[in-house]
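Next, two complexes with chain A in common: one pairs it with chain B, the other with chain C.
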Partner chain A sequence: MAVILKAKREVVGQNVLKVDGLPLATGQPKFTLDMDLPGALVGKILYSPYAHAEIVSIDTSEAEKVPGVACILHYGNVPRVPYTTAGQGWPEPSPYDTVLFDKKVRYVGDRVAAVAAETEEAALEALRKIKVEYKVLPAVFTVEEALAPGAPIIHDEEDAEGIYDAKRNIAAAVDVPIGNIEKGFAESDVVVEATCELPYSQHAAMEPHCVIAYFDEDGRLVIRSSTQVPFHIRRVVSRVLGIPIHRIRVVKPRIGGGFGSKQEIILEPVAAALALRTGRPVKMALSREEVFVSTRTIHPAKVRVKLGAKKDGTLHAIELEAILNTGAYGAHGGTTLYNVGSKALPLYNKARNLRFHGKAVYTNLPVAGAYRGYGANQGFFGLEIAMDMLAEKLGMDPIELRLRNHIRTGETSPIFEKLGEGREGKPQVIRSCALEECLRIGAERIGWYEKRRNPRRKGPWAYGVGLACAMQGSGITGVDMAAATLIMNEDGSFRLLVGATDLGTGSDTVLAQIAAEVLGVPVEKISVYSSDTDFTPFDKGAYASSTTYVSGNAVLKAAEEVKRQILEVASEILEEPAEGLILAGGKVVSERTGREVSLSEVGHRAFYVANQRQIAATASFACPESPPPFAAFFAEVAVDTETGIVRVEKFVVVADCGQPIHPKLAEGQLEGAVVQGIGHALYEEMLFSERGSTVNSTFFDYRIPTVLDVPEIEAILVPSDEPTGPFGAKSIAEVGIDGPVPAISNAIYHAVGVRLTRAPFTPERILAALRTKDKERKG
Partner chain B sequence: MKIYFELNGRPQYVEVEPGESLLSLLRRLGMKSVKEGCGTGECGVCTVLLDGKPIRSCITFAPKVQGKRVTTLEGLGTLEDPHPLQRAFVEAGAVQCGFCTPGMILTAYALLQENPAPAPYEVREYLVGNLCRCTGYKKIVDAVLLAAKWKREGRWR
Partner chain C sequence: MRLRGVLRFHWARDVDEALSLLRAYEGKGAILAGGVDLARSARTDIEGLIDITGTGLSYVREDPKGLRIGATTTLSELLFHPLSREYAGGVIAETLRLVAYPALRNVATIGGATVSAHPWADIPTMLVALGAEARWRNEEKEEKASVEELYKTQFRGIFREAILLELVLPHWDGVFVFEKIGRNAGDIALLNVCAGLGLREGKIAWARVAVGARPERGERLPWLEEMLLGKEPDENLWKKAEEEVKERIKVGSDRRASGEWRREVAGVLVRRTLARAAGKAVK
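Take a look at the complex of A and B:
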């Protein structure tokens, strides 16, 4: 799909080759485990077999006798320092409810002990020989059980900090009223209510979590990790192990996908502790089963949405209640909860009466964490199904209902100020929004009006179309900061050093494009080095759809300063004032005289000849606001009324990410996010036994979409121009996952008249819904 | 035990454990493009070619390749002289994190050897065993079709 760009630019807006594309496509050893460290020990973890238990005793004497075992760590021999595994800015809004090893375990898969040994076999044998005596405690597996009076208290430790109400198993809670919600519903002509439920699902990045920790020749700790948050790892490991920050270096090489699962600091402190205790390099690589059982998941949620509207479709009152299951630990619990409201509610800013309330509740199930969408997908699941119900009740087209209510350029929502990152937010005015155009184009591409009027039917297959809208943010207002350093070489090429963390999205490329555009050189002249806490300046990491906007703005500022310095040197050479000089095409040209000087001449003069200095700059950008990208999603489904099977026939996603820096990469983000969303809509659900253990912990029985499950997807970018973004850009990484689940549910409703509100929409659930409807019809 | 096989056109005579996986052996021999995504043969990330046919190296015992030809991504092309399929993956935007890419490219290579003019659905059917969580597959299919076009144009064989 061609993209209309605002201005002709040389590099920004062009589909340049991804800077790490060819190295990855030729299999260069760029990932964490691709480095061989001689003498490295293998680290393995012993997991709890119980959902809730006290450890009465641990006996490691037999395990220590296994040949090759170097070290065994457990609660009895490590310091107890409460922290959160959430890789967030300091001070983290997530509760400090985790320690390296505890004498209590809170879910099947919780960490009990860790072993480092010469071989994996020895480490595994040692794990088997660790004798743990447990006192099993009653466990709770649903939020209802966890909230019931007299329920077992999951976090009864005294040293935890930041838990909202530990005695009632509530990790975080929120209640924000705006206007008068009861009066708002009373004044409404039409009221609808929907309750939607999203189950446990997992990121399933193709590379399992892994890390190597070792001490370098100067005795400094080096952590090479598959992570989204190298700087947060450095800070947290420093705190947990008592190693000063300046004695730690964290390196993120290429990583095999993250989607939020690697915004968690899970293995790094363990590997570092084992390396510290043994003085040897330690390598840890989780198996796929361990990833499923012991890492992080989406925040399962029950979201209830009540909408009140006037006859003309104008929303008058919105109540949004979200109950999240945050699992055994509260990492990202409160912030994901806040995001349900802060991302979903501003989209329809015409309603004056609002209430957002909810809780993040502890249970004895796997730990929920950051997952692409981060609450927005939970919120829009409920909101967009409720909007579909409202449109039906009003007898109004769903597109018309959105157009009547969605936020526009120049408008605001009180939610921006009331809801921030686990606390109050900041006021914000929307400076760019092309949602109207997204809806128009999407409707055309899916054939909306024709298919809504005349739904097809072919044998048992019933066809339908449904839509959803969504918005996200670009970074976290008032929290996120990124820095970039740009250094010129004497030949007129540049080194771009960024703390930003490319997790496969292509952010190294996007950031290089921004620098190249300012400096008037092709991307090949910019060598990007990213995510190394020793050699790159601070960046918050890759999350909250922040890199293009926050890190990109830092690169833009650094590049503009370097440009100023280049023009200064050129003005010395040309003996003309810098004001009349233009930097383009790898040279500086005088507007007045037409004389020119190459960047190489500038570089050589600055390095070796006169007024010598390094042309370089470091710049920071702190996120003053978080401009939302917007998207409209259209699904066409076929439902087999005999088997309940749903096929997505076609999916159209149209998004406004401001000016796309790299349209093809932006499309790739949308396509990938939509397919993950289709997975959540139709296939993906982690299942648990009655004792709380994960039942489907392989790709055989936890199905993610294969290439054959993917329908025809059309990803279309509708550029707006975000005045605060680098070259007009906003984010794109997350918004694409927010819409598929409600859009598919709404399409199923259009096809067969049943409302699916519990994902995934499996054949069993659809058949059950069809039978219920049938019974009701027959009365 | 010692086994003999051909790795990317070069003879190998190496000591292996009878229960060692081919994945482990190949990585031990420096073929770091061979990745482990699941260890149980379900994701296709570890795919290599055995006598030209795609197999999952994580569930193949190393001794099974005795006397056979093994091709990893390192054997297809290099950074300086990439194979057209590798180039096509980059041009089409099929590489995001790059972790599934080696297995994808090798599987696609085997397909194009069997069928130089696959229809889009044939590409999809052939790649069904290779999971990708980043791209949504669209640009991967585009890349294979692009490489196939180049092959038909005689740009590679």
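Take a look at the complex of A and C:
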């Protein structure tokens, strides 16, 4: 779908070739493990078979005898430094409840020991020969069990910091009242309530977690990792291993996807510790099963939403309660919890009475972490189903209800100030919002009004349409900072050095476009290098939908400064003031005389001829605001009323991400997020045995949507103009995952009249709901 | 990595060579066809892999006994073969199209599917419904049995020492159809049904119905087939068949679906497949 941009631009808004497209398409070695280091050892991890146990003793004597084994690490021979595996800004909002190796294990898959050996076979044999004596402790597998009085305490260690209430297994908690919620409901004409549940699910990035750690010729530690957060790795590894930051270099090559799972510092300190102990390079790569069991998952959540509204549909009170299962460790627990409210509640800012409360609770199950959406998807699951119920009860069209309540340009919500990154936030006014237009276009593309009025029925198949709305943010206000360095070569080309981490999103291309637009050159003249803590300036990393907005603004500032320097040199050559000069088409032109000088001439003069200097600039952007992108989601489903099968027939997603820098990549982000959301809606759920071990830890058992499952998806961008964004841009990476689950649930309701509030909506669950409804009707 | 113990790979030129190699390994060798199951095998005792895809067992032919399908014929070769398209109303293509995904079908073989015979698989359900005959050879002799009978024995033991040569699918004067429910495309079945009917003078002359992935392997429902004989094919009959199946079928629960769901949906799928087969048979 074509995008109409506000201003004609040369590079921004164009679907230029992806800067790394050719090497990726031709299979050039660019990923973490595409590097052979002579003499590298293979690192492997021993995982806990118990959900909760004390380690009474570890005997590695037999394992050490295995030929080729170089080193075995466990709690007995590494320093104990509490930290968080969450790759977040400093000071980290997540609790310091993790150590490299502990005397206690807290879930099946927890780290017990690590081996480095000459070969994978030797490492695996050594793992088998490590004798561990466990004292098994009672375990809790649900939030209810964990919160019950007398429940086993998962984090009873004394040195943990930042846990909200360790004795009650509460990692984080929140309770924010605004106005008077009780009075608000009492004054409402209509009240509805929905409780929705999202289970454990996987990011399923194509490339599993992997890392290489080694010491370079100067004895500095180099970590080459598939990560979203190279600078946070450097800081955390420095803390855990006691190596000064300046002695550590982290390199991020190409990444085969992350979706939040690589905003987590899992393997890096282990590989570094093994390399440190052996003095040899260490390679570690997880199998898919290990990724499932021992890395990170979405935050499973139970979200209860109660809405009160006036007869005309104006919301008057919203209560949102979120109970997250954060698993055995609290990485991202509190911040994901805060995001449930801080992303979902401002969308309908007409309600004066609000209450957001909830907990992130420890259990003896795999560790939840950052996952695309980051709480917003959990929040909108509950909110958007409750909105559908409210529309029905009011006898109002669901679009009309949204239009009556959603936030608009120039408006604010008290939530922005009350809820930030695990603490208070900052006030913010919306400067761009095209949600109304998104709803209008989406309704038209799906055929909303006609299909709502006359739902189709064909044999056992019942058809329905449903919608949801959502918003996200663009970076984290008051926390995130990114920097960019732009250097000119003498031939008039540029090097753009960014700490921003393209994890497959295409952000290298987007950042190059921003620089190219300012400098009046095609994208091919910009070589992007991302990211290497030795050679690229600081960037918080790829998360919180921040790269285009935060890193993009840094690039914009750097490019403007470089442009100023170019015009300065050109003005020396052309002998007229810089104010009358225009930089475009690879040259500087005098407005007055029409005389011109090429960028190559400017470069040569600056390098070699007169007033010699390097044309270059580094600029930073700290995120004073986090402008939300908005989206409207429309699903058309067909439900087989005899088997419970649901087919998504068509999906329309219409989003306002400000001015899209690269429309095709932005649409790709939406399409991918919708597919991931369809997976959450229909198939994905990690299952656990009675002892807490993951039983479906392969893609054979755990289903994710494939290309054969993808329905017709129409991804449409409705540009707004965000005055604080680079060329008017806001984020697009996450918002697309917030809507599919509620939109599909609402469409199922429209088709067959049953509300599915427990994802995934499997044939079994749908058929059971249909039969319950039949019975109720008869009874 | 699986199959850690493998030391040698053999490219057998003919079935005799493969059999003598198999015997020489004394239980530590494995016949390798497409390898999609072997690659997932947890066995660590296998030392030798004996590839039989070059032994001349890849073919699809027709003769008076029926359709003969060589054991190493890949699922894709079979799916796109003109003979299988014509066979019994096109049921082979209908089934195979729903088996895994194209990349897997390009290497997986019909013989491997028959020998592995996963309880959740679709191919065994189809073979049982069609009354397929399996022919195999060990070092002493060649033997044959219907796939249905074979599955009632300790058949895995047989193929530790024998090679499946071919499957013979008998000619049917009528039509078979196949249906499956998986969680998404490429998934294994939560339930599958293969049903066939022949009509004579407006009445059902024969009927065969097999239901698989219950979660147990596909088996026929003889009581249902009998009930259908001689009846006029119409909506009421299919409804009755559905009720009968919901009443009598043996199903169980596993982590992918409950017995309760399987019971209800088995009835639905049997009704739908019978109705569709009858519709096609009339044409």
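Some points to look at:
As a convention for this text, the second predicted complex is superposed on the first by the 779 of 779 C-alpha atoms of A that agree within 3 Å, B and C clash if a C-alpha of one lies under 4 Å from a C-alpha of the other, contacts with A are read in each partner's own complex, and residues count from 1 in each chain.
We adopt the following convention: a residue touches a chain if its C-beta (ideal position, glycine included) is under 8 Å from a C-beta of that chain, and two chains touch if they have at least 3 such contacts.
Because the structure is predicted, anything quoted here is derived from the model rather than measured.
In the superposition on chain A, contact of A:G27 is made with chain B only, not with chain C. Of the two partner chains placed around the shared chain by superposition, chain C is the only one that A:Y683 touches, whereas chain B remains out of contact. Look at A:F634: by the touch rule set out above, it reaches neither chain B nor chain C. By the touch criterion defined above, A:P763 lies against chain C but remains apart from chain B after alignment on the C-alpha atoms of chain A. Legend: residue contacts after superposition of the two complexes on their common chain; A:L708 is shown touching both chain B and chain C. Between chain B and chain C, B touches the greater number of residues of chain A. Comparing which residues of chain A touch chain B with which touch chain C, the overlap comprises 700, 706, 708. Listed in rising order, the residues of chain C touching chain A in the complex are 1, 4, 40, 101, 181, 183-188, 190, 255, 257-258, 261, 264-265, 268-269. Within the complex, the chain B residues that touch chain A are 31-33, 35-40, 42-43, 45, 72-74, 76-79, 82, 86-87, 89-91, 93, 95-102, 105, 124-125, 127-141.
Interface residues of chain A, counted against chain C in their complex, comprise 120-121, 642-645, 682-683, 687, 695-696, 700, 703, 705-706, 708-709, 762-764, 767-768. Of all the residues in chain A, the ones that touch chain B in their complex are 15, 17-18, 20-31, 34, 203-208, 254-257, 259, 285, 287-288, 503-506, 664-665, 667-668, 671-676, 698-700, 704, 706-708, 710, 713, 715.
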